[in-house]
Each structure stands twice: as structure tokens, then as C-alpha cells.
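Structure first, commentary second.
Chains: A, B, C, D and E, in written order; residue numbering restarts at 1 for each.
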Amino acid sequence: MYRSTAAARDAVLYARIEKDLKHFRLDVEFSCAPGSLLAVVGPSGAGKTTIIRAIAGLERIDGGVIRWGGETWDDVDAGVHVPVRERGVGYVFQEFTLFPHLSIYRNAAYAARDGKRVEELLRMFDIWHIRDSKPHRVSGGERQRCAICQVLARDARVLLMDEPFSALDAPNRRKLGELLRVVKRETPIPIIHVTHDIGEARLLGDEILPVVAGRVEPKWILPFLLPLGDLGGAVCRRGGAEGRPDEQGEVELPVPRREYCL
Amino acid sequence: MTFRSLAIACGFAVFLMYGGLIVSLLYFVHGPSFLQVLLSDRTVYSLVLSLLTASVVTVGAVAVALPAAYALSRYRFPGRRLVDAILELPMIVSPVALGAMILIFFSTPAGALLQERGGYVIFTVYGIVLAQFVTTAGVATRLIKTVFDDIPRRYEELAWTLGASEAKGFLTVVIPMGRRGIVSAAIITWAKALGEFGATITVAGSMAFHTETLPIAIFMRLAQADIEGAAVLVLILITIGLAVLFGVRAFTGRGAYV
Amino acid sequence: SWGAELLVFAGAAAKPPLEEIAGSFTRRTGVTVKTTFGGSGFVLSQMALAGRGDVYFPGSSDYMEIAKARGIVPPQTERIVAYLVPAVVVQKGNPKNIKSLHDLTRPGLRVAIADPEGVCVGLYAVEIVERNFSPEAKAAFRRNLVSYTDSCEKTAAAVSLKAVDAVIGWEVFRRWDPHRLEVIPLKKGEIARIGYLPIGVTKFASDRALAQRFVDFVLSPEGKAVFRRHGYFISPEEARSWIGAPKPVGGEYRPPRDWIRR
Amino acid sequence: MTFRSLAIACGFAVFLMYGGLIVSLLYFVHGPSFLQVLLSDRTVYSLVLSLLTASVVTVGAVAVALPAAYALSRYRFPGRRLVDAILELPMIVSPVALGAMILIFFSTPAGALLQERGGYVIFTVYGIVLAQFVTTAGVATRLIKTVFDDIPRRYEELAWTLGASEAKGFLTVVIPMGRRGIVSAAIITWAKALGEFGATITVAGSMAFHTETLPIAIFMRLAQADIEGAAVLVLILITIGLAVLFGVRAFTGRGAYV
Amino acid sequence: MYRSTAAARDAVLYARIEKDLKHFRLDVEFSCAPGSLLAVVGPSGAGKTTIIRAIAGLERIDGGVIRWGGETWDDVDAGVHVPVRERGVGYVFQEFTLFPHLSIYRNAAYAARDGKRVEELLRMFDIWHIRDSKPHRVSGGERQRCAICQVLARDARVLLMDEPFSALDAPNRRKLGELLRVVKRETPIPIIHVTHDIGEARLLGDEILPVVAGRVEPKWILPFLLPLGDLGGAVCRRGGAEGRPDEQGEVELPVPRREYCL
């Protein structure tokens, strides 16, 4: 269903990303196999968006390498930086950016080879009836669904999604989840899914990459991995737990009572 | 007074200034002479020549200005600030002086060679086009650069992640998104070219049925102290110029998405 | 002689008669005459810079002197086409009741002259003021003097448009705008000299014989008749009889330094 | 050739055109005469007068244009299209003709009354200011309107929900957000006022040490067939004009947020 | 802690809103008492954003009235439409719009009377350390937190929040939830909270207004109100259940297995 170039089939994405941000240095290393979904999870401001912008080639990294299969996309020491469009990544922006001057349909079809596929996706996500509206005249969730269709309608070699569920209601979340399973099965490419929500990461991710204040912090998700229900506090060292990058040392971890910790 | 009525009052103040000038022209014009001047061969020639050269120049200037403005807005290259700094030159130097500069250029060995090889420009219709191009190209570039500066980069980023080349991003995203500003710049370019007089008369002369554009015809009337004739020609220029612009704007101005 | 053409650069003031004559010349010989009008000095600059132009016809003698001095017009080709007499020019109906030159010193009047530095009629005006006014009257005149105009035509237009009450200009101004202008003749003694309109063939002329033919045509009875019809004096005698006294034609005059400051 | 190099090449083409014109001026200028002209009292007077009037006019024109442009961009009021349509008038009508229109206006009974009551404008320094204002105000309004058109309404909506009045929203949101475009419009206005010649000389005359701006001085040199002097003055005008603009732009151009 | 004008204390918000949207007519009626939180919930594209834009005065309604206490804000029949700023509503936009030219601090302080309150809020939501950054240089969640601070820092008479949790991680969600409880207790004003998520609505809302395709549709939330766990399908008449506004008749309702229906 979801098509990709033949060469892409066995290509693993590998990234070691270092970048100075305003209050900390982002320094993470990970790889993602084709057909596997890596959920990058972490508190707000942890550096998640920066990671996928770097993979897309929209952000220059200050150190490290990014490789996809045999291709080197970024290599700071060797001075390599492949332009965005040659990477062939599909990227759903956190702000679900759409072209303001194009209708929903023409947005979705911008990079599609195949009109049938576009129609299929728009119908699946229930925005076929507003296909002629401009983005500023549709609702937030409708815009986000269009951004997802836009990316799923093209041949991507890596799929990057930044909080693609943020404005989606339950049925549309379910649809996207199902669709991602189909993609993983039929056109195995690496998928990176950014979210602030452990629940989402647990349900979707084949692997989970927890990022806190720019570093991989496996302990951060421990408390969330315990069975749902009432729990006491848990203690974890290094790296502020609540996305406070300047806080070091012992901190009390947030303990979710439910998926919504209110 | 509310802010709203103050703002609208300012709008009308500007209108009244120009409207008043137009109305005072009517004070000098009498019906029959208007038609008589309008329908004379010479006026028709000037009018067609003016509309034609202004349109050709607008197309040319905008065609050069679009990529130039994009380069200035998006790329960092050595000499960028220098290029950027010189764009207001044709505004700072008044048209007559600009025309003189063009003549001076053609009197240098380089310019002379160029004319020998490429054919005469001075005192021909090509001279009109050149003079109008020189007076407008810089400003057109500056105006379009301002438009591009205000288009957020993330739309190009989106296009690139969707596999678009820089050229495709430029053509399918930046230009359509800046459409209204570009049309506005083109309109100003056209208006400026249509009204261009000083550089034109200097480079192309004022030969009747040859290089006499409408602004030159107006000047010649004034030069003969024929105020009535000048007033009639000014009215013709204003009527046709504003009508064309009104039409263009009505046709292209729709479809804001902000 | 198909294809032959002449470039004529002329002062704007002589436009109507010259265009008429150029038309007859074309009808008679088939030679296209392209006339460019403008300020006399300005069209001279234009010719000098472009290195083109067959005939020079300035609105006054001093530019011909410059053209000759620069070698643009060989002195032997210069001819005189018409003669000009200075006069006070006021608005139609003479609303300020200006009867004589000395009335221009009356307090509260607004007076202009052409720029003595660039426009010949201004030079004639300065000479008349210097010659006829006492130092006190001169001071009073200069108090009334609101501005210099930058060309012959604008000197006339300043009165036409009621920007000033009077100018010292040419007698021929009244023919340019008979509905709005009125001429107050100067007294015999007040006039210093008679102005004239010279014409000449330039060194840029590619076909000197043809250019000379055009000059000769302007000077022919047919050409002179056109100038007479437009209100010009075509012989010194006509001018002298209008003045009522013999006056020299042309000649040099240097205005005192306080009229022109560098 | 990539799109990038094509775009940069266009930028340099525009540069070369104007750069070439400036360089060919140098062909006519000799060192000593440059300094001599530059340091003469008369040149200094013209220069100061030009810079002063252009600056005053820019402040005035932008002050009127800001609210007028906001009204045209945001409010629907009867006559809006008419006001909008007339803004290019000073471009379409060449400056000399515009100057003549101003003179014509003051020769009508209404204009005459205005001058009697309010003092003379024609052939004074006020005339310079008026002429430059008339030639620039419309274009300034048009340029700033284009800037405002491109500011999304939702920022004003945000300000209003935060309790801002329309005036506060205008002052704290629309103007700062459109800052770069407004500065750009002000620069074009200033450049145009500085280089304005045709309307100025028609309305204010050309008296040395009184109403002689630098462009008028250049024209007077040309009118005296003093090409070298004209070239020197053009160089002075270009140098100072572009230097001021370069400074202004370096100072205000920072801080894009797109 | 959260201040408001004294008059606001007892003012109930009442709204009957009719508006033609592209594919259906929005037609809802509800009221919200001071100190009470009304959760407007419904699928994407149901009209939720339109409802609160209408209350804020940003959208003109085609029919109905909006009243707050004794004031009439909108009355279509009487032609009343009070301008936005006179309503004194606090509105968190779905796109968490911030002023792009102001720093995070100056954004939050835009409408605040009291700098201390701003600092308190920025510290509470952990964005004090980036207070000098411009919005385009901070992460999505940081922007949303700033938008929330901006609104909570001012004296509002009604609080409108459009999906304020969409980019927030668990700790920040919890903080906002707690803060809303404080607001409800200490400065009782009507609060309208828009969300596509029943879980959120259940946890926060004193009352829930389910909107589907522009109409109040109480049955729509029934299946979500059953205890968590595996369930069969449930049937509900009228109004497309999955946000498909053009679908009528019997439809199968989505049945959430967890809060995340993937």
C-alpha cells in the first residue's frame, strides 16, 4: 500500500547528533531499522524536534554523523551535508504546516505520484469533503490530518512524525495507528515518531528512545512502565526529570496515575 | 475620535490630496478639447507607445527581480550587502541624472563598443525601454525582496522535505505565496515606467511619432506653456493608468489567506 | 532619398514653429526630421554625451556660444533665425496694475526671473535691473524676487499659473499663452539689447550637406513666415521698430557676482 | 547551472548595471574638481537642504501612511477602493507634470485662498517639502499597505483578546511586526524624496542658497552643459545617499523572526 | 491567586450560537456558571473552535445570542456585537499563537498588571530560563506553556482554552490541571475548555458539552463513559459519530480500548 523505492528496503538509519541548544547540548545516538518504529519520547523542551529536524537536514548539526543505508547524509568531520530534498524523508511538522495558498487536496497531492492514493488517504481520514478548502478555513485536526496525508502520499525513505496525534480525536488516532502498522509491514522504512506521551510511545513504538534535556535517559521512563494504578514516587539520578534542563541531581519523578496526569 | 475613524481619516486625507489635484485639472479643461486631443493621431501614438514600453519593461524588470530578490533574501554570498545597498540608486539619483549617466556610459569606450556591436540604443525606442528598465529594476528587486523576507522559511522547508528542488520550491511555494506582494511590486514598476519622463527624454529624446511617450508629450505641452493641452494629456494618462491598475488589482487581489 | 534622417536638438520654446517647418521639409524632401526639444543647455549636454545630432537650435545665443567654444558647432555654420525683445509679463487683465519696470519694486509684489546662470532670458533680466535701478530700487526688487525659474517656458508658466505677479521675460511670451498673459513693454531706454535665436550644423552631422539644407530651409522665406506667424521678429528692423529705438543684437554680458553665488 | 547560481547571477546583473553606471561617471571626474565642488558653500547648502527636506518629508509621509495603510488594509468603509486606486497616481504622473498640477491647484480660487490664508508655498522651501510629500505619500501608503496585508490577522485577534484596543494592537503588534517592511518603505520614501527633482523645481524654483536641492543643482549643471560638474554632484549624491541608507539598514535590518 | 474584577463573580455565561459552516450549520446552546468548567468535547471538525471564537467575539454569529451576566455580547436580532476587547475574555488559541516579535517574557506579560504574577507562572511552567528567547526559537510545548501563562496572567472575565494540552507533557498537564482548580476556587469565572479527548473532558469538566457536526449530541459520549476495558460496539442515532458531518443514520461508534484508541 505504501510505496517506496526498492533500494530503500534494507536501509538502516543511524544517527549520532550533537548540537548546542540554548541551555544544553543535545547529544544522542540511535539507529532505526527498516520497518521499525522508533518512538522518541521525552518532556517538553528535551530536544525531540531538534533531532528529527537534523535527520531531515533542516538543521545543521555541530557534531556527529547521520547515515542512511550506504549514504552519509551528515558528517561534521568530513564536512558532508546532503540537502534536504535528496534525503527523501517524509516529515510531519509539529505545527502541521500546510501550504496556505493550496487547497487541502492540492496540499496532500503536492508530492504524490498517484492521485488515487491521495483520494484514498483523504477519504480514510475523513477530509475528502473539505478537499477544496484552503487550510485557514478548516479546523486544527483537519489540518493535521491533511499534513499526515501529504507525507503518506509520497515515496519516503524515512518517515519522521513530530507529535502527529496532537490535534487528532480518538477515531483518527486509531486510523493513523493502523496505517502505520500497514506501512511497517508493506514498505519497511525506518519510522521515527516523536511524542511527549509515554502511552503513545508504548503503544506504537518497536523501540523507545527517551530523551531528557538533550541526552538519552532510559531511567526516565521507568516509572511509566509500571502497571497503571496508584504508585508511590520513584527516584532517578541525572538530568532534570520534568524537562528542567538546568536542574541536576536527585529529583522526584512525576508519577502518572492515569495516562492523563492531572 | 476612535482609532478607527482616525485611520480612515488619514486614508481620505491622502485621497483628498490627489483627488484635489485631479479636480483642479478639470478647472482648465473644456469638454471638446479633451476629445480632440484624445483622438489625435499623435496622442494615440504616444499612448500606445507608453503602454507598450511600460508593459515590456515591467515584464523584464520583474523577471530579473524575482530571482535576484530571492538570492538576496535567502542566500548568503560574498558581495550580497553590496548588491543590496545599490538597489535604491535609481531612486536617489533623479531620472534626468540617471539618463545622463546612461548617456555617459555609452560615451565611454566600453559603452561605445557595446553600441557598435549591438546596435544603437540612444535616441531610439530601445532607449525608452532601457531608460525605464534602469529606473525601475532596482526598486522592483527591493520591493520583491521585502516580500520574500516576510515569507516564513518553514514553507520552503516543507517543500524540500516533500522532495521539491530549490527551483520547484521557488516556483510553487515562494512565488504563489508572495503573489500579492509581487503583483503590488509589478504594479508600482508599471506605474513608474508609465510615468517615467526624465531618463526617457534624456536617453531617447522627444521625437514626435518616434520616441514621444505620454509623459514626454505632457512635458512638451508644458514647455510651450500650453497648460490646457497638458492638463488634458495628464487626465488621459491618469484615467488610463489608474483604470488599468484598478483592473489588474481587481483581478489579482482576491484570495488572501491570512 | 528614402531612409535619410536628421536629428535636430532644439530649445523647447521654439517647438511649435520648428515642428511646422520640419513637417514641410519632410513633405518636400522625404527626409525624416526627428526633433528633440528641451532646455537649450540640456539638449546640448545630451548631444555632447551621445555624440549625435545634426542641427542645434538653442533658445538663446549664449548656448550657441558654449557650443561654439566646445567645438560642437563650427562657428561658420551659425545663422540667426529670429529676434527677441525683453519685456515685463503680467497676468491677463493686469490685476496688480503694473505699468512699468519700476512698478516691480513696489512692496508686496511677487516677481520672478529666469535663472541668470543657466537661462539666457534671466541674464537679460539681470542686465535690465542692473542698468535701470538705483541700489535702493535694486534692493526692493530683490526683496520681491521670489525665485529663479529654470527655463524660458517656466518663466512664462509662472505667470500663467499665477505663481507670481510678474516676470521679466520675452515679448513673445504673450503669443505662447494669449489667454493668461499680458505684456507691459519696456521703455526704449530700459532695453539693453535684442536677443536672438541662432541655429547651426554640428560637428556630429554625418551628412553636412543635408543638415545645411535644413538650416537653409528654416531661413528661407517660407520658414521665416512660419516664425512670424508665431509672433517672432524675423529681422532686427522689426524688433527695433517695435522698441522704437536702435539696439545692438546679442553680445556678451556678465552679471555681477551677487546674482550668482557659487 | 543550478537555480541558486542563476538567482545569484541575476542579483549581480542588477548590481553590474548600476555599478557600471557609477564607474562610467568616474571616467568624467578628476580628483581635485571633486573636492572643490564638494567643499563649496553652495554644494554644502544644497546637500543639507536635500537631506533635511527628504528626512522631514519621510517622517511626515510615513506618519500619514501608517494609519492610512492600516485603514485600507483592515477596514471596509465606503470609498475604500477609490482611495486605494489613487495611490499610484504620483507614480503614473511624472514629477514635472505633478509639479504642474500643484501649481495649477494653487492657481484655482480654492488654492489661491489657501495660500492667502496659510502663507505662500510656491517658490519657497515649503514648496520643496510639499512637492516631495505629494510625490511620495501615495507610494509610501501603498508600500505599507502591502506590509500590513501580509501580517496575519490572528496576532491582532490575540492582542484584542488580551484586552488591547485597536490603537494598542496597531502600535504594539502591527507596527513592530511589520517593522522591517515599514523601514523598507521609509527608505524608499526617503530615497525618492532625496532624488526628487521634477516636481520640486516646478513648485519651488531653482534659486541657489534658497531652493536649490542637490538634484536641482545637478540639473542646472547639465542645463549649463557642465557635464563634469554634474558628474561630480551625482557622485556626491550617490555616495551620501547610499551611505545613509546602508547605515539605516544595518541598524534596523536585524532581528527577523520567520 | 488568579484575580478578576469584583463584578465578574456572579456572572453566568449563556450562549445560543448559530453559524453556517462549510458543510453544516453550527447550532448549540449552553451556559456556564462562574467557577464551573465546561468541557466542550467532540470529534475533529465538529465546530468546537468556532464556538469559542464566537464567544471571544472573533467570529460573527449568524443567529442567537451570547450573554455574560447582565451584558449582552452578541444578539443577532438586535444587531448587537460587542468588540473583542470589551468582553475581557482570556483565550488560549489552538495554535498557541504568540507574538513573534516579543520574547517569551514579554509575551506572557503583554496583558499582565503584575510582573510578580508573570514570573510566578513562568517559573511554575518551567519556562523562566527561556524567558528572553523569541517564540520561533523555543519548542512547541514551551510555546504552548507561554500562551497559557499569557492568558492566566491577565484579569479575564471568562476563560476560553482551545486544546491547551495538545503539546504538553504529563507534568505540565498536571500543573495546568491543578492551576485550573485553583482558579475555579479562588476567582470563580466561567471556564470553557475545548478538547477532542473524552478522558481530558471527564477529568476536568464540571459539565461536558458533546458537540458533533455542529449539534449537541449527548449520546456520542455514552460509550466513552463506560468503564475502561474491552467493550462491544454501541449504536447511536443522528450525526456522524466519527466527525463525518455528512453521514446520517446508524453508525458504529468508535469504542476506545484505552484512552489511546490505536
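Methods note: a residue touches a chain if its C-beta (ideal position, glycine included) is under 8 Å from a C-beta of that chain, and two chains touch if they have at least 3 such contacts.
If you're wondering where the values come from, they're calculated on a predicted model, not measured in any experiment.
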Worksheet item: With respect to inter-chain C-beta contacts, which pair, C-D or D-E, contains the greater number?
Response: C-D
Practice prompt. Find the geometric centre of each of subunit B and subunit E from their Cα atoms only, then give the gap between the two centres in Å, rounded to an integer.
Written response: 50
Discussion item. From the mean C-alpha coordinate of subunit A to that of subunit E, what's the distance rounded to whole Å?
Written reply: 26
Item to complete: Scan subunit C for residues touching two or more other chains and write them down.
Response: 42, 45, 49, 151, 157, 160-161
Worksheet item: When you check subunit A against every other chain, which residues touch at least two of them?
Response: 95
Item to complete: Return the residues of subunit B touching two or more other chains; collapse runs of consecutive numbers into ranges.
Response: 96, 100, 104, 107, 165, 222, 227, 258
Worksheet, complete the sentence: In contact, pair by pair, are chains A-B, A-E, B-C, B-D, C-D, D-E
Item to complete: Give every residue of subunit E touching subunit A within the complex, in rising order.
Response: 22-23, 42-46, 48-49, 94-95, 126-127, 129-130, 133, 137-142, 145, 162-163, 166-174, 176-178, 196-200, 203-204, 241-246, 254, 256, 258-262
Worksheet item: So in the complex, which bits of subunit B are touching subunit C?
Response: 96, 100, 103-104, 106-107, 122-123, 201-202, 205-208, 210, 220, 222-227
Item to complete: Using the touch definition up top, name the residues of subunit A that touch subunit B in the complex.
Response: 56-58, 83-85, 88-91, 93, 95, 97-102, 110-111, 134-136, 150-151, 154
Worksheet item: Which of the residues in subunit C end up touching subunit B in this complex?
Response: 7, 12-13, 15-16, 19, 34-38, 42, 45-46, 49-52, 151, 153, 156-157, 160-161, 173, 176-177, 180-181
Worksheet entry | Residues of subunit D defined as touching subunit E within the complex | 154-155, 157-165, 172-173, 176-177, 179, 255, 257-258
